[in-house]
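Shared between the two complexes below is chain A, which pairs with chain B and chain C, respectively.
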Partner chain A sequence: MPDKTRRTYNIAMVSDFFFPQPGGVESHIYQLSSKLMDRGHKVIIITHAYDGRTGIRYLTNGIKVYHVPFLVIYRSSTFPTVFSFFPMFRNIVLRERIEIVHGHASLSSLCHEAILHGRTMGLRTVFTDHSLFGFADAASILTNKLLKFTLSDVDHVICVSHTCKENTVLRASLDPLMVSVIPNAVVAENFRPLSYEPPSKTSTTYNTAHKPNNQASFIHPNPPPPRLHLGPHDTITIVVISRLFYNKGTDLLTAAIPRILENHPNTRFIIAGSGPKAIDLEQMIEQNVLQDRVEMLGPVRHEEVRDVMVRGHIYLHPSLTEAFGTVIVEAASCGLYVVCTQVGGIPEVLPSHMTVFARPEEDDLVAATGRAIAALRAGKVRTELFHEQVKSMYSWTNVAQRTERVYNGICGDISEGEFYGYEAANYPGGNSWSAIRGRSGVQSFALIDRLKRYYGCGIWAGKLFCLCVIIDYLIFVFLEIWFPKNKIDICPDWPRKVLKEKDPRDGVR
Partner chain B sequence: MLTTSPHLHIRRPSPTTAEFTVTTRPQMTIPLRLLLALVFLTRLLLGTAVLLLLYSKWTQSPYATPLAVPPAHTPPPLLSTTTLLLNLKTLLATPLGLFLSNLASHTPVWALLPPCLAALYLCLHRVHTTESLLVLRGLGIQTSSTGGTVLTGTSTRFIPTEKICDVLINEAFRGFEVRYYLVVVVDGEEDLVVVFPRLLPGRKIVEAVWRGVRGCLCEGEKDGHEVKS
Partner chain C sequence: MAPPSALQQSATQSDFDSPPPLVRSSTVPTSLASHHSHHRPDPSHLAPEDAFTSPPQRASAFEYASNGSGNELRPRRLRRKDGGSRSRSRRRKRFQKLLWVKQSYPDNYTDQATFLENLQRNPRVQPYDFWPLVADSTVIVQHVCSVICFVVCFAGIFLERVSPNTVVGLGSFSTVIGWLLWDSWGGEDSGDGADDGLARSRSGRSYRDRREFGPPRRQDSGLGGGASSSHPNASTTSISSVTSANSSTLLLPRHAHSTSVTSLNSATSQTSTNGRRGPNSPSPDSSLKHRASSPLRNSRLNLRLATIKSAVLIYSTLLGLSPILKSLTRSTSSDSIWAMSFWLLAINIFFFDYSTDINPRKSAPVASLSTNAALMASTVLASRLPSTGQVFSLTLFSIEVFGLFPVFRRYARQRSWRYHVILTVLLVLGAGGGVGMILGSGWKTGLAGMVIGCLVSALAMGGCSWWLIGLQKYKNEIYGPWDPARPIIISRRGWDDE
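Right after this comes the complex of A and B.
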């Protein structure tokens, strides 16, 4: 232990979505877990069993994954049986000595159940929301009610963008103070531009060759990469990589492509991804006879995304709703100029010099793409510098640090004032939330306090939720009698890593 | 009282041999022996009564052929079906037998059979479970496990050394819990051989056995490895 005051935790990440299934939530959980392991915490992942992936497995880095056998109903979400997961969950939590339950994704019923049971067992709980939802349609109302149920009694919520935070706060009627924003990150090493040299190599040659003056080489460790030149007649390739669904804006894309290609002669499109809207795109290509200028690649694996991206100059992202949009960060990291719709959390993601924004409508998207092409041809955009900039903005290490601070806050290791802000903590007479939160800045585990929180969820829902919580508590008592704690084997821990140095530069933002 | 939680006995008759026995049988004391004898007697009586009850039900059914009793003046040989049937008849004539046939005549078959079968199972069920693992360096290992009832014998399995790929500890979901278990990976077989399959003892015992097996099987190699499942 380099630092006596620093505390490490045993954390359980719970979500229905995990590898071998590919996706954003899945890789978020994996990256966050492995970086938390690097910081000396113990992390296990609880998910349901996939085909050919059951039982208990170890990943590299010593992350332990429990693939709990469960029934899958819809798009790899499990059937929401409120209590059936409890005995197994309790067993896992006790044998791994878990202190913090961290659930991911609001469509995962496993995560909601785990948070409910975790609170019943007296554990700290965190929930990370990865998506935006509407308020109007029936499915959203149901999901929002379920979310409200779970989040009535959770210690802290993490959202991936400020838009997502706003959405979640409204959907679950949360106190905004207990919602933090920690964005996703990308592994920048996996998304390098085509002609990229690692900076360490470049800087050493630069230093040894002709630099006795250390001061200058310290300020500019790498020479800027050579500027890319695009003549007025060079072909500009526009890349689109997305699942071809309605919410990803494929209809917008179908309408915009012929107009863009008509306005700009030396341009072509590469479209990767699959989905129900692929047929519309193909029809559009047939009708306008654009086979030689639009290339459709079909589905690509995540590790091949970079190879597709580096073939282009502009990345077009026509999505209609997006909580964060990791893919545009990946595109910028590959050195692509990004044209995207100004929806959801997208405007927060990249600085303005890397993006051209459009309203989510056909005319504006065409105009924005035209502006981007013109800027590239004029050489106004230094896309070759994007990679280093993205690399310094987004790192999983930083995400892990900020998540760790949330853990510190809910466990009471840093003071309420430091965690929630001094104004909120010392707000005179402002007991509207501190009555719920308790005096030490942490939520009370007493059953009556929990029931108070659930009761406010609605006229009927409140009573129903209270009933669920009481039944959950009774099951807990029964389990304590039937499967006593001392009969459960304790797992040996994977050798923990020791956090080496504390870099003052990458402090918590 | 009659059983304990699984515990481990290690026997090392020679440096190259070790036997690991996991059993639920407690230390034998005189009161315990008396108690076990009492249990045995009770089970014997209960079993006889149940069989008698079933027999009387059978005799009352229309399928039973009436017992053809030969004349009494020629006593049949002691070991014959006739003697058995005669004894059964006399037993049925005793007060207990009368009570049982009375009970049989008043109970329908569907109500009578399940409790009888349950009682028979109770009589035949083994009180203690003992499972063992015998390791012989250079030869192989033998697992053995007592059957669930008195009628089934001990099942054993011998695995020669050249067939053993590895001996390891793994975790798995079982019912509502996650359990540790010791497995032998056998060359050329799809399934693993689980050691102590019925008792599935806890981590402490499994680890001790694992270390012992490694120490005994692999000579020269010190048994001080970290457990990695």
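Right after this comes the complex of A and C.
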């Protein structure tokens, strides 16, 4: 695929969760959009109106954000009206000449609606799942059914970790080949260790020149920064930054802190974050009279996270469930040794020389922290190298590249064989596989084909979903008659950026 | 600068602890395994069975494609082999479930070997056996029968077939008998379980834990004692007598705390927790016994006095309230009352705490909803009755049936299986006979009702158990690394024990 024929797309990112609200999904959308803009695509973001933020806004890099007026019911999720978003959505899509609808976060009803309407309008749809769900409780069962509804007719799904992919495949009964794993990333420049000097120019070129060959490119070719030395009596600071909720493992933390501090005299804790479990922590501090060794900072802004992190040596992450765990990557990027529970997608995220894993048990967490402290004191861990290593593992440019490959695949710009990894013709059971995907590896838009896909969702749910799809189609026809396409203004585009650097063919590996 | 050894270490260690093997439980229906293609309407959808029986051709096709199309990858691999780094060549060959490694596979590559390898299906399922299930269902039968008995008594009073005095007299008599029985059990028991409980409380809890969790416990006890307010004497006297005994001062107040359930059966649950405790809860009496026997006697006596006091209190309150209750729903039509009480009793049955655990702290949170629903039902039913005496007797009877009797049943079951069976049979006979007598005219229909009641309950117990066992084959619990982990917190165990 030579560069001059590279196709660029008009992409709409849709999610309930976007700035000004802080969070992982929000920054994921922003960073991905920004890097896709750099690659010459046109990206708009559609979210609901926040307090004091309505209408259209422009962000850095020319990203246009539509704040759609919608009723917010719970934790900034909008009320799930199946059809009410359609007129406005259609207007935006036509105005911006959108080709791909990319929804984010499975708890966002705006995203599900957009995917449904997008398919009705004949657009390509992608969904990114950021979270894990169980299968046991009633709320999960309902969410999973709704997810199944939306994802019955989606072109591709992106998950942030392999665990997340398995979960999504099971929840929505998807073909695993149409689920890609593209991790989150960090902006490594924002998470630099305290004593960090950016590598010199010559070494950078050396690095990039050898990058395609050097698979283990996190081995930094620079002369290593001076080794940090911790004596046996130096104070080791353990940092915890998380919202203090049950599923973030605050109970484990509350139980483990007094034991860790008892076992290791020259240690102290810095805890940042707020939440309902903060009171338990405070009670623990008071009961054990640890005020001088545990510092609670309360909520910190995302920009300040780095400043808190660099005050410590170890990052402790006791979470009970986590799809990706961006924060541990951020911590490692700040040069902290990471102690974390082995849950969800966390074991996939960092190499083992940066982490100490613990089972989600009080004893094991205490033991793991002890191992980490011992390793640091013995000087076995080269934390000063972590930043460069993390920088080469995770970058948003890479994420954007890999996302672009997904867009190419669903739009048929790369062949089905290349995208799905097999030749449909040579494949003996190929009929059943290509039938649903239609010709050239892309899903058919014909209403009857879509209905077939929805019908398989369940005995009752399948019929209900089909009904919804038919109504959606009727609304679409109605809108086509009453608000015809040629009455809608076309929005003039910004001049597209041209992708300057030579594509190192990392995206299509 | 990470040495190759670190790489290799990461490659081997990062496949964290060897995952539990896929266990295909015996409860999985055989039809799923044999014709799963028929079972799934859309072959493109992955069913959980695919974790075991994924189509092999998919794997081979993929291998072919990735090797055939990606021919630029081949020289690279060779070169790496020349480099001699074992870990790298391994990494090239094998797909890893890692995000930080740059792998030469497409993002949507699905590795047949590792995909869903940590999926567990029905890992904690214990298949039911028929007879234990039937035995367990007696608890439900007992409760349903006692509700029927109550309704029958109401109908009897309402139709003026039974004198209200008979009903309340019988009820109170059996309540007193039950209380005496259970008091005697408690007396026997505190002798039995004493040493166990003490040993456990001493060894199971280190001093540090006690220091940590002592204060809230004391605080709780203060609140609970204040709220229940019925036997402050007991706790204060015993505390003052044994302040030297460390564990007992810490452990004692929990009984006072555990009693703040509802105002109505607070007295009963106090006596229950103090009268008889399971081997799990270390008893204050046990630790006291080593010191002196007189405070123990005192506290038991005080408890009995407190129980009698609250019984008198409830009795007189009801007596005072009955005239008000009588005219409570005069303006409402009877139909609404029947419908309402039906739903309330249904709520009582469905939300009743059928657990066999006698520890009141662990009772289900909706148990109070059940009791409240039943008492409301009895109140609205009582308000249909014409005379104050009838209202009083029905309300008192309902308190006995819905407030005290469940506690007694639970203890009887805990105490001995034989009592439980006898109680069940008596209840079934009583309910059946009562229904027969109310529907018919005399003893004959009553007898017929008993027979029918026995038959129906036997059929229901057997049938439902069989049905439940039959339904087990549809059980398909999915567990995996995406489930929130259950934290194991040791110092918390001290809390849960209570």
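Worth a mention:
Criterion: the second predicted complex is superposed on the first by the 475 of 509 C-alpha atoms of A that agree within 3 Å, B and C clash if a C-alpha of one lies under 4 Å from a C-alpha of the other, contacts with A are read in each partner's own complex, and residues count from 1 in each chain.
Going forward, a contact is a pair of C-beta atoms (placed from the backbone, for glycine too) under 8 Å apart; a residue touches a chain by one contact, two chains touch by 3 or more.
Treat the numbers as computed from the prediction; the structure is a model and nothing was measured.
Partner contacting the larger number of chain A residues, of chain B and chain C: C. Contacts of A:G23 after superposition: neither chain B nor chain C is touched.
In the superposition on chain A, A:V68 contacts chain B only, with no contact to chain C. By the touch criterion defined above, A:R382 lies against chain C but remains apart from chain B after alignment on the C-alpha atoms of chain A. In the superposed pair of complexes, A:G412 makes contact with neither chain B nor chain C.
When both complexes are overlaid on chain A, the residue A:L170 reaches chain C alone and has no touch with chain B.
With both structures placed on the common chain, the touch criterion links A:G370 to neither chain B nor chain C. Legend: residue contacts after superposition of the two complexes on their common chain; A:G344 is shown touching chain C, with no touch to chain B.
In the overlay built on the shared chain, the residue A:D489 is in contact with chain B alone; chain C does not reach it.
Residue overlap on chain A between the chain B contacts of one complex and the chain C contacts of the other is empty. Across the complex, chain C meets chain A through its residues 1-2, 6-7, 9-10, 13-14, 16-17, 41-48, 55, 57-58, 61-62, 64-66, 69, 76, 80, 88, 91-92, 97-100, 102-110, 115-116, 118-119, 212, 215, 477-492. Those residues of chain A that touch chain C in the shared complex are 132-136, 156, 158, 161-164, 166-167, 169-170, 173-183, 213, 215-220, 224, 247, 249, 251-252, 255, 258, 287-288, 320-321, 323-324, 341-345, 347-353, 357, 359-363, 382, 385, 389, 393-394, 402, 405-406, 409, 417-423, 426-429, 432-433, 436, 452-453, 455-456, 506, 508-509. Across the complex, chain B meets chain A through its residues 170-173, 176-180, 202-204, 227. If you check the complex, the residues on chain A that touch chain B are 54-56, 66, 68-69, 87-88, 91-92, 95, 483, 487-490, 492.
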